[in-house]
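In structure tokens below, several structures.
What follows is chain A paired twice: with chain B in the first complex and chain C in the second.
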Partner chain A sequence: MKKYILRRILKSIVSIFAVVSIIIVMIYTMVPSEKVFDNDAGAKKMKGDQLTTYKLRKLEELGYLDFASRLEMCTATFGDDAKACQDGDEAMNAQAVEAFAAKGYEIKELKSGEQYAVHNYRWYELLWRFYSKLVVVDSKNAIQDPDNPDLEHKYYWGKNPYNGTPALLCSGCTYKYQMYFNGTFPFIHQNKFKLNFGTSFPTNQGVATTQVINDGQGSNKKISQTFETGLEEESALIQTSCQYKYLTDHLDEKRFTDHYATCRSFHESPSMVETSYILGLIALVIAYVMAIPLGISMAQHKDKAIDKIGIAYINLLIAVPSLAFIFFMRSIGTLFNLPDKFPQLGFKDIRSYIMPVLILALLQTPSLMMWLRRYMIDQSNADYVKFARAKGLSQREIFRKHILRNAIIPIVNGIPGSIILCISGALITESAFAVPGMGKMLPDAIKQTNNNMVITLVFIFTALSILSVLIGDLLMTVVDPRISLTEKGGE
Partner chain B sequence: MTEMNQDLFQIQIADDTESEHIAAPQYSYWRSVFRKFFSSKLAIFMMILSGTVILLSIIQPMFSGYSPNVTPNINRPEMKYIRPNATYWFGTDDVGNSLFDAVWKGTGTSLFVAFVATAITTVLGVVVGMWWGFSKRVDRIMIEVYNIVSNIPVTLIAMILAYALGSGVWQIIFALSVTSWVSTAYFIRVQVMIIRDREYNLASRCLGTPTWKVITHNILPYLISVIMTSISRDVPSFISYEVFLSFIGVGLGQQYASLGRMIQQYSPYMTSTPYLFWIPVAISAIISVSLYIVGQTLADASDPRTHMI
Partner chain C sequence: MSEQGKNIILSVKDLEVKFKVRDRVLTAIRRISMDFEEGKVVAIVGESGSGKSVFTKTFTGMLEVNGEVSGGEIWFEGQDLTKIKKDSEWEKIRGKKIATVFQDPMTSLNPVKTIGDQISEVIIKHQGKSKTEAKKMAIEMMGKVGIKDPDKRYDEYPFMYSGGMRQRIVIAIALACRPRILICDEPTTALDVTIQAQIIRLIKDLSEEYGFTTIYITHDLGVVANVADVVAVMYAGQIIEYGNVDEIFYDSRHPYTWGLLSSLPQLGEKGEDLFAIRGTPPSLFEEVKGDAFAPRSNYAMKIDYEQEPPFFKVTDTHYAKTWLLDPRAPKVEPPAAVRELHARMQALTSKGGIYGER
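What follows is the complex of A and B.
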């Protein structure tokens, strides 16, 4: 069994990387790179050579290509003696250009006549660049600051300033708090390993994509807290998230005794991940609470009125395009004075949540009901049921104690999937209601050509769905010991 | 008691050929399928409905010559936002075109996408699934492919593909069918594996029937109802996907009329001119529900086990 799980995990990792690799290559090679600037306000103000250079620099930053201007070509070719070349020595320039051309760069000319070199990354270079910087490990020698020679490089134990629990601190790392505990999921937090998917562009420019989806939304929330210097202040800074800051200012010195002063902030509204999670989990509970009794009573009263109505409901929900269903439900909601867009009343008002949650739950019920009914009807012809009947058990008892316990096993298989995939949010529902969650982020990122964000989300969604299938299978073996995932010998 | 009399009896001639005849009712597979299908009034109604919609979406655009790029009334405000009336059955849209023309053109595009994607998915799925179910070597490779593909939400793949490939009818069809055929193939594989080792197939193989003939004559007929079920699910789900992809803006471009695009375009008009929004939504719901029910009934009818009298 252990061997099987290990192999399964390995395979899962391979599948995640296969999918993400294909998608990276497709996005970088098939989506025209010009589209990146369609929504960029900065590019709209520029023209001519300035625009060309801006675009090339941006594309270089986004990982499409390697760009070298005349000055950079000079520096790369002549190193320390580049001054003359940069000042316009023609022979040296020509030499620099030749050197770059020999490296496989394309040499082009700006309108002003200045030459530059461009190299579009090929698919294997794209993949290498992505994976080589994917995992960032923080170490105690990460920061080398010549202006702060006294900086110690060590790990030490300290306290979480918010709840006093022990925390692993570091001096010399990028993050001060390497590991700490608090009351929010997943309770143990660490800053040592970070996934780096690049920065978001054109929206949230310069912010890491993982931070965009993990950070709170809305305005900053100030809470009263005590800083290291003993200063008590109403502040939005999250002390456990602080990173090293090279140039500290007066305000920082008032709060912190060291250089760790670049911190994230508390926000009024939950992050995208949390939003999707709240909606998804409530919807999931409602869906199971509704679907399981309905599915059972459909199976109990097979071919009676309740069964027929149930089947009609299932067929209708499967056949109607989900978008049409969502809009229909949404307009019913407006009859009851419920908002048709989430941001109308915002996070604080419970009415914002009712319709999205209800729709998410209803969309999950048909398949649950259908399968539960199917399994229960299949089971009800089994020999052990006939035997139970022969023993004189009542129909109710047979259904509750015998059939349901067997029929629920395949349903159990799907539960982890549903829970984990709540994070990914419901793409359609969130888009229709403009809920600021992960589900809406993907279409938004696509519309804005925010490639790094698209790749981040694809990675997260793929990893989550593969993981949930694995956990589902393992859970099934726990619920039903008869099931063995490993192949038995023989034959 | 009457006297036994010769007149009371009739001479019967023993006929060997007559006695060989078995008095079972005549059975024709397809006739039974149709009899079963037409016994459902709902299915007949839905078939007429979907037939009407399909014909309208083919024929109407031929007469109207509608194209989203031709906007002769764009500068005539009096032509815009006319409510549905006798002349403009579905009213006019934001550029003064008749919504009736636009809707049928759009339905045509959406149906074309759904049907072609279903055809590709089904043909590829059945052919590969058959092979997959029979060959151990293919099974080893395909099961790995399936493990990768099946774990990822179809919506995600379709979205990313549509995004990367650009907007266009064939791109959408490719994006929709490129991964979905794998699950159809897997479905067929399981069915083939169940039927493959039944006694009649073993007997057939022992008698020296070539594999090819076993597949086409012994197994394929068995799968007709299964394939019908999968088709009847695929068509509505592809319509739904097309609508969704166009709605979020990665589907068909501005130059195409499609139901999804119309829903996306008119969703801000929901309160001011609701007909613009609700008519495409209603049409998309009508075609998928009617096609689904027709497909399901046909699938039931094509299962020989339901043909008992």
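What follows is the complex of A and C.
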């Protein structure tokens, strides 16, 4: 079993990398790089050589190519003696250009006649560049600040300033709080290992994609907190998220005794992930709570009134396009004074959630009911049910103790998937209610050619799907004794 | 057929069962009367579709939803079982007083519940025992049916058991509440021959120990010869011959019984074609006129097509429903295969024969 799970995890990781690699190669080689600038306000203001250079710089930043201007070519070729070259020594310039041409760079000319070198990355270079910087490990020697020679390089134990629980702190790392505990999922937090997918562009320029997804939304939320200096203040800064800041200012010194002063902020509203997750999870619970008893009673009273009504309901919900259903439900909601757009009342008002959650839940019920009913009816024709009747068990006992247990197995398999994939949000419902959730993230990112964001989301969704299948299978072994996860041929 | 001075446990009178099949009515059981004597092993034989299973299903109210008892009475413990309408009343009889063992042990057990749970479940339900008591009794029962290390195997699942062992568990469940009647609906059909003999032996031993009445439904006449005290031959929803096992095997009177016996594959001679009863059973959707077997019988007389024969008494325990027993009928000899049956059967059931003791 352990061996099997280990192999499964290994295979899962391989498949995640395969999917992400394909996506990377597709995005960087098949989508024209010009499209990156379609939504970029900066590019629209420039023209001529300035625009050309800007684009090349940006593309270099985004990982499409390696760009070297005349000055850079000089520096790269002559090192410390580059001054003369940079000042315009023609022979040296020619030599630098030649050196770059020899390295496989394309030599091009700006309108001004200045030469520059460009190297478009090939697919394996793209992949290498992506994976080599994917995992960032923080270490106590990460920060080398010449202006702060007294900086110690060590790990030590401290306290989480918010709840007093022990925390692993570091001096010399990028992040001060290496590990800490709190009451929000997943309870144990760490800053030692980070996934780096690059920064978002053109929206949220310069912000890491993971942060765009994870950070709260709306205005900053100030809470009263005590800083290391003993200063008590209403502040939005999250102390446990602080990173090393090379140049601290007066305000930082008032709060912090060290250089860890670049912190993220608390926000009024939950992040996109959280928003989608809260909605999705509540909807999921409602869907299961509704669908399971209904499916069971439909199976129990097959061909009776309740079954027929249930089938009509299932047919109706499956037949009506979900968009039509969503808008219909939304207009019903407005009759009860419920908002038709989420931001009207915002995150704090429970009424904002009612209709989106209800719609999400109802949309999930038909297939759940249908399958549960089907599985139960299939099971109720099984021989063991006949034998259970011959044993003298009542119909209710047979349903509860025998049939349900067998019928629920395939349903259980899907539960982890439903729970985990709530994160990915619900595109149509969230769009209809303008819910700031994850649902629109991927289509939006694709539309804006936000490459890093697309890759990040593909990575997250792939990983979650594979994880949910694995957990689903593991859960099956709990409910079905016949299933044991071993390699072919057993241990 | 009922006789005085015998201890009758179950008495069926004029039982008629009808099924609704796609707007047509099929009469599966046509006015059967039969008494089951306490402690005896009764075998009901007949070809597929003759109504054997339907007949016994009426004893536990297990008819399919489209079937109903349309006439007659079934008396058991002073109660007419045909009058029971509610499932809750049937639950007091099913499993508790009359238990059933089905054909396929591979599918008779719930695959996701432990063996132990499935046995103690009945004990808790019918005897109102606590969980621990039920477990103790279940383990004892598992030992009784020949499961080794029952306390260790109590928590195992059916898929960990072989077919034969599963049938032992099914028997353990059926007998857990000490029923008065055990209906075995082709209990060995799905098992291989060596296991068949063991299971039959087991049921026989247990019936002697607990004193329950066994009703076998089978078309394996070898099994019948080995275990049955009484044999009832069914054809087209009726019992057409009824008697002690020896009387049926060695002195049968009904042409259908002769046909059945002649077509025993075990009795076939090498190099000769195996006997087969020609034709097919009558459609039970229509009223059967006269003797249902007449169109297929080599001995049919004119009256067989006109009037249904009554039961003729052969001995005190042996009755047959054929006009051949009427004093006015011409004397006919059963076919040669049936006449030689005694010697052949003896060879089969003695030591070394395929139905012999092992």
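Before moving on, here are some points about what is shown:
We take it that the second predicted complex is superposed on the first by the 474 of 491 C-alpha atoms of A that agree within 3 Å, B and C clash if a C-alpha of one lies under 4 Å from a C-alpha of the other, contacts with A are read in each partner's own complex, and residues count from 1 in each chain.
Convention: contacts are C-beta pairs under 8 Å (C-beta built on N, C-alpha and C of every residue); 3 or more make two chains touch, one makes a residue touch a chain.
Nothing here was measured: the structure is a model prediction, and the numbers come from that model.
If you put the two complexes together on chain A, you find that chain B and chain C both fit without a clash. Using the contact criterion defined above for the overlaid structures, shared-chain residue A:T257 touches neither chain B nor chain C, since it reaches no partner. Applying the stated contact rule after C-alpha superposition, one finds that A:M30 touches chain B and leaves chain C untouched. Chain A is touched at more residues by one of its partners, and among chain B and chain C that partner is B. Once the two complexes are laid over each other on the shared chain, residue contacts for A:Q144 go to neither chain B nor chain C. Once the two complexes are laid over each other on the shared chain, residue contacts for A:S465 go to chain B alone; chain C is not touched. Seen from the Cα centre of chain A, chain B and chain C lie 50° apart once the structures are superposed, a value rounded to the nearest 10. Of the two partner chains placed by superposition, only chain C is touched by A:K401; chain B is not.
Look at A:N220: by the touch rule set out above, it reaches neither chain B nor chain C. The least CA distance from chain B to chain C in the superposed model is 8 Å.
Within the complex, the chain A residues that touch chain C are 382-384, 386-395, 397, 401-402, 405-406, 409, 479-482.
Per the touch definition, chain B reaches chain A in the complex via residues 144, 147-148, 151-153, 155-156, 159-161, 163-166, 233, 236, 239-240, 243-244, 247-250, 260, 263, 267, 270, 277, 281-282, 284-285, 288-289, 291-293, 296. Of all the residues in chain A, the ones that touch chain B in their complex are 11-12, 15, 18-19, 23, 26-27, 30-31, 315-316, 318-325, 327-328, 331, 340, 421, 424, 427-428, 431, 442-443, 446-447, 454, 458, 461-462, 465-466, 469. Of all residues in chain C, those touching chain A in their complex are 60, 62, 87-88, 90-96, 99-100, 102, 104, 107-114, 121-122, 125-126, 157, 159, 170, 173-174, 177.
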